[in-house]
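Each of the two complexes below includes chain A, the first together with chain B, the second together with chain C.
And now, the complex of A and B:
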């Protein structure tokens, strides 16, 4: 009854489908416009600017100069980001693993409560804290000297690549842990118990049973961290004074002192490429996993 | 590793200040098949988990063979547990699932491969090595989970309702398959079930639990014919209880109550000597496949009996139970030992 009447209806008024499409369009439009205007357009513009000279002619000049001027900074960025990601992954796995497999209930509860705090501190403040903590006469060295663990003469500044790595890790570990611990908690408890029953200790359980099942969340967390580290300006500006430094600092330098958008965009191009490659690798991995599952 | 005896001594478990298991004593002889039977929530799973090492004891001792395993972590106990949900690892193939316990024991790859293939043959799943476990049927998963437990030749096999997720037909066939496998390997096995039929069919010894305590440990026949008390009897299908009358058979003259099963009570048959009889009004008549189940309203209780043909509702009928089918209970609802019968007859 109902189907036939609705068929008749749609046959009689074929153009009734039209308003529905436009209603859908209407709903999508704000989001679409925002993405186009605020994201796609600037992205395209910056890509184009990277390949145009001041007269508007096409050129690869900016890219070549960006590489020759800032090649070291690019390598430095890649290095710092890679070491940071490795550190972030290691610490996040350790914390989430303990949250899921830990045998001391009060320690697990305390850790669960503690690890999230850095999440609520912005990058600028993090940079400031790290600065006063890691400097030559900063808190870390003071404590080490006071407690007699280190001679005051051997105190050195950590405000270089090490400071960057530590700061990035401090800021990003809680975020990645949040994702990873959630995914690990979702792993069926009996999978862990079955493994332990089969003879696996906690560590093997973590790396052979829990982590493989939670890995997609780890990858997502690391890729988002990569993007965050490549885009943050405050931390490298505050922690590193000389050369080489992160590309964001160099881009800002290029724009504020020279008004040179061409080279700044060429540097940006490199950041895009780096994240794009990582995202592509991740997609390949997940697609292959889904194909075999 | 050869099969071993299991001994539980005063095993007590508290979870969140609540006593879940209360002073459990149990001896399981090597190579035997023991069923833990009892109503939902009585602590069967908890007991199994305590043996496997997942639930800490607040008192007591668990021994496997000569050694105490009470304080060992689960991975050092070498028990093999099959989980109710099977708990196959979804990121590993069938072969990897079976091979993981061997890998943990450092068995070389070639040897692993050979033993996985042999186990799959044994489970009648030959050639399934590279299948994803997510693509298996319920019965196949169950068998892989069993294979994963057996592949290390464990001294003790623990099964938590391994058949309860399966449909009736697979269940029956797996029941005998499991029993055959257990016998051929001679492995000490403890299985949790709340299905009395399953326990009676499979077990050498049944442990009947209630509210965290062991009520009775007996062979299936003994448990079926001489349940420790009325509660156990009801759990084992003794649906009818009557208070003893003067004219009732002399068996267990000290009995206050008799219990009997519905299928032992007949309706409107020629009266025989040495039987218990009760008269009542028929209130219900249900076809059960083997015959008709009749509900009888007597003065003291509602009783159930079996008839070959339907009986009109509202009519009066006589229920008759042979003396041999009567289970005598004392005033405290405890079963009267068979010794009493002899004394009574003498």
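And now, the complex of A and C:
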């Protein structure tokens, strides 16, 4: 490190200290401006519009009306999202647990190849897929009837809250599993082997050794899934006709049919509030990770 | 008693067969719709197969070509714009001592930490005042918002995964800062930067909500075309459009690990 060139550089440092910092800011500035214009400005507008009436005076009218008009849809959204998250968590834990602890190499390899197919499939496409697969005459009912698991008379459309839950799970499980399996693979093998030697079976190993260590990744995956489910407009519009439906569909309805930004943004407030709780968890996780790093 | 004893190869086969059906059944159903000429309830399978709907979709002036062109043009522009903004930002966030770095990182995390529908609605209202609604520029901008967020995360991770000692060695051997960046840093970060571009591209192809509010009805992308066909009850056209949208998604899913290495993945969001 004591070559002549680095000495020349270190001599130049006092003069270049200040410009270096502003060079960094200069590099970040364009992206920062874009995010302020495309995110912070619309965000501020959505918050302000939710509390302003047509004359520009402050009011809580929109929020009150949003609750009275769409209270059922809010409950519906919370219900669908909670059931979906529980299903996503259960399946992801099962798949990634088997990927890490499974004893049959061919089955592990096959499952690893299988599970991730829906990973990047667009939400709109997932909506169309669900619309044809879960319908009364869709492939799911047909297969159940053909295999004799169900009478053809009891075939019914799953295009309601159950369809939403199944569609969200189908789309999000690969993503959460990818994160969770990655974190589980990073768990120290010696911990697992020590537990196995002490007589713990694979299931206990999964829930007492592997899962607790990989839990932060599971949380991050579930939070990002929650945000995705509360953001997506196409799937509820394609799967649910009528009421109650997801809040995204109601917000779009309010805008396209009534041009009513006040109530739409008040509904938006509720979806923020729902994720604010999880954002708090998310931040706590990142802070804890930074503290340990 | 271990699970491996409980789950004999036969049981494993049944479970994996079920997983395969859950993953591929819906996709197979979609493919069947794309080639079904006639399929009425209560027939379990289409009664007529053929390509006539493909001809109808890809007939000149049918709108599908315009939508496809719009989709690819918007996605590529969103990649260029996002990466042009994200590469310098990612480099600075990974390497430079920035004041309030955690605040800046948080600002780039927020758009993915909250539902984006209200944002898109209000972007549309703002763009309306600026005369950007219904224009390609407006659609590219609205697609670049989620794109930029992914791009900044991944480029920051990619640059911080680059071995610093190699850069220092290059500088010690007399390379200029720019030269050491283009010859040492950039090639090493390239797989991560490609992964970021792929994410932005895929996200733009997936993007429905933003286009729905900002672009429609003047600008139609494939997702909007597919949505309209599906809501109009034209399942064949919807299925064909959906299959086209699946090509890049499945293709990238199969190669993603070549671009996004574990060492970069582990640094995302830091």
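The rule we apply is simple: the second predicted complex is superposed on the first by the 260 of 293 C-alpha atoms of A that agree within 3 Å, B and C clash if a C-alpha of one lies under 4 Å from a C-alpha of the other, contacts with A are read in each partner's own complex, and residues count from 1 in each chain.
To be clear about the criterion, a residue touches a chain if its C-beta (ideal position, glycine included) is under 8 Å from a C-beta of that chain, and two chains touch if they have at least 3 such contacts.
Note that the coordinates shown come from a computational prediction; the quantities given were computed from them, not determined experimentally.
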Superposition-derived comparison: chain B or chain C, residues of chain A touched: C
Touching partner for A:221 - first (chain B), second (chain C), both, neither: neither
Touched partner set for A:204, first chain B, second chain C, both or neither: first
Partner chain(s) touched by A:193 [first = chain B, second = chain C, both, neither]: first
First (chain B), second (chain C), both or neither touched by A:262: neither
Which superposed partner A:212 touches (first chain B, second chain C, both, neither): first
Contacts of A:121 with chain B and chain C, given as first, second, both or neither: second
Partner chain(s) touched by A:182 [first = chain B, second = chain C, both, neither]: second
Which of chain B and chain C A:163 touches, first, second, both or neither: neither
Shared chain A contacts, counted only where both chain B and chain C touch the same residue: 201, 293
Chain C-touching residues of chain A, taken from the complex the two chains share: 1, 3, 5-6, 9, 20-21, 23-25, 27-28, 30-32, 34-35, 38-43, 45-46, 49, 102-104, 107, 110-111, 114-125, 127-133, 136-140, 142-143, 146, 152, 170, 182, 201-203, 220, 223-224, 227, 230-234, 237-238, 248, 251-252, 255, 261, 264-265, 267-268, 271-272, 275-276, 279, 282, 286, 289-290, 293
Residue numbers on chain B that touch chain A, as the complex places them: 52-54, 73-75, 78-81, 83, 85, 87-91, 100-101, 104-105, 132, 134, 148, 152
Residue ranges of chain A touching chain B (in the complex, touch as defined): 188, 190-191, 193-201, 204, 208-209, 212-213, 292-293
Chain A contact footprint on chain C (complex, rising order): 1-4, 7, 9, 12, 16, 19-30, 32-33, 41-44, 84-86, 88-89, 91-93, 95-99, 104, 107-108, 110-123, 125-126, 141-142, 144-145, 148-149, 152, 171-172, 174, 202, 205-206, 208-209, 212-213, 223, 226-227, 230-231, 235, 238-239, 242, 245-246, 249-250, 252-253, 256, 262, 265, 269-270
